[in-house]
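Some structures to go through are shown next.
Two complexes, one shared chain (chain A), two partners (chain B, chain C).
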Partner chain A sequence: MSRSVWKGPFVDSYVLKKAEASRESGRNEVIKIWSRRSTILPQFVGLTFGVYNGHKHIPVNVSEEMIGQKFGEYSPTRTYYGHAADKKAKRK
Partner chain B sequence: MARIAGVNIPTAKRVPIALTYITGIGNSSAQAICEAVGIDASRRVNELSDAEVLAVREHIDANYTVEGDLRRDVQMNVKRLMDLGCYRGLRHRRNLPVRGQRTHTNARTRKGPAKAIAGKKK
Partner chain C sequence: MSERIPVGAIAGAYGVRGELRVKSYCARPEDIETYSPLSSEDGTDSYTLAILRPIKNGFAARITSVATKEEADALKGTVLFAQRDQLPSLPDDEFYHADLIGLEVYDTGGALLGRVKTVQNHGADDLLEVQLAGTSATVFLPFTKAAVPTVDLTAGRIVADPPLGILPEDP
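Moving on, here comes the complex of A and B:
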């Protein structure tokens, strides 16, 4: 079920603060955030966030199409390189 | 033979059934079309007059996205997700289930037929 509209989008408040600060400073540097659960708001467009995936901060350049989704969707938490060919099977 | 929405030529079936042969029109929208155009659900396609076929065709053109247009829309939506680099896009790229289903077993619709792993059993 989707979130009630009257609550408005969920954003951790420190994300808003950091975003605003970087807007004012004007320098476009990666804003490190841990809040994967925060919604991407229209005022974040153009900024670059480093979204933590449990290991490191993945840089995410926010574009207009991302609005309404969550930061976590852009920072995959799993690495999978496929299965290596089985050694035992080769020996037989 | 009635041509509705491009290449579709539904046969001697009842109208609501025949309409479902068009991509993008299922049971409920087929029934809704019949009702809107005023065709009895028990009538068959070959009993329809040219005027009625035309009415159905125009109604579909005006109100529904079907066939090639629909397929292109879906393709575009998938492509958008893939270009965004979001989780759903990644799943589409790897041909794995997109909506959080398990992949330990099952997920054969997305993964395709099972591939045997050589020497897995002892």
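Moving on, here comes the complex of A and C:
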């Protein structure tokens, strides 16, 4: 069963506080969080969170398409390297 | 920058008519055919590959020099390499993972931070996994213009300006 709409999206309160503090300070920093269960809200767009994967904090730069998903989706807990082959990376 | 790049492997024979089961490492798996002729790891053998059809976990393919199942079985486990210059050139700010891996990473002050170990993408931005100098520890560096202002492939170096909290000594 999905979450009732009247409750609004779930976010751990410390994540909200840290995000607000970071936005006010205007510093270029990674906001370290352990809350993989928190929903990504519109006010997080543009911020970079370090989402804990049980081992280290993975930087996640929040963009508009990520709103409504959970932080944990962007910080996998298992390592898979694969092969480089012809794969490309784009510098944004 | 490595001259030859592994793009796939031969997983064994497929059927009894000399066809092979080929596994592709490419971003678009069917692109392995476009890099043909491929070579073996030591560079002594060359294989002209033609994909016949997709099968589970790869492709059924034919190599011109292989006619029987026994010859196909003998190639099981062979890693297929393409020449680096066979890859198409990319626009600015796009890089092949193979080119980035192994580059030295310096901070804006000129101090060595480490070396690029892998390039990852977990659904958000691309990330450079940097192995820190003198340790086995790694950190993830967002592959953005702000965090990585300079990528110099000819000099084999990257200049990074990591945001606060990326490096272990950061608060």
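We adopt the following convention: the second predicted complex is superposed on the first by the 79 of 92 C-alpha atoms of A that agree within 3 Å, B and C clash if a C-alpha of one lies under 4 Å from a C-alpha of the other, contacts with A are read in each partner's own complex, and residues count from 1 in each chain.
As a working rule, a contact is a pair of C-beta atoms (placed from the backbone, for glycine too) under 8 Å apart; a residue touches a chain by one contact, two chains touch by 3 or more.
Keep in mind that this is a model prediction, so the values were computed, not measured.
Asker: Could you say whether A:Pro59 touches chain B, chain C, both of them, or neither, answering first, second, both or neither?
Answerer: So A:Pro59 only meets chain C here.
Asker: Which partner does A:Thr48 reach: the first (chain B), the second (chain C), both, or neither?
Answerer: So A:Thr48 only meets chain C here.
Asker: With the two structures laid over each other on chain A, which partner does A:Tyr74 touch: chain B (first), chain C (second), both, or neither?
Answerer: After superposing on A, A:Tyr74 lies in contact with both chain B and chain C.
Asker: With the two structures laid over each other on chain A, which partner does A:Ile31 touch: chain B (first), chain C (second), both, or neither?
Answerer: So A:Ile31 only meets chain C here.
Asker: Find the residues of chain A that appear in the contact set with chain B and again in the contact set with chain C.
Answerer: Common interface on chain A, chain B vs chain C: 63, 66, 73-74, 76, 83, 86, 88-90, 92.
Asker: Given the complex with chain A, which residues does chain B contribute to the contact?
Answerer: Contacts found on chain B: 80, 84-88, 90, 117-120.
Asker: In the complex of these two chains, what residues of chain A are touching chain C?
Answerer: Within the complex, chain A contacts chain C at residues 27-32, 48, 50, 56-63, 66, 73-76, 81-92.
Asker: Once bound in the complex, which stretches of chain C touch chain A?
Answerer: It comes out as residues 5-8, 24-27, 31, 35, 82, 87, 90, 93-98, 100-101, 118-119, 121-127, 138-146, 148, 151, 163-166.
Asker: Going by the contact rule at the top, pick out the chain A residues touching chain B in the complex.
Answerer: Residues in contact with chain B: 63, 65-66, 69, 72-74, 76, 83, 86, 88-90, 92.
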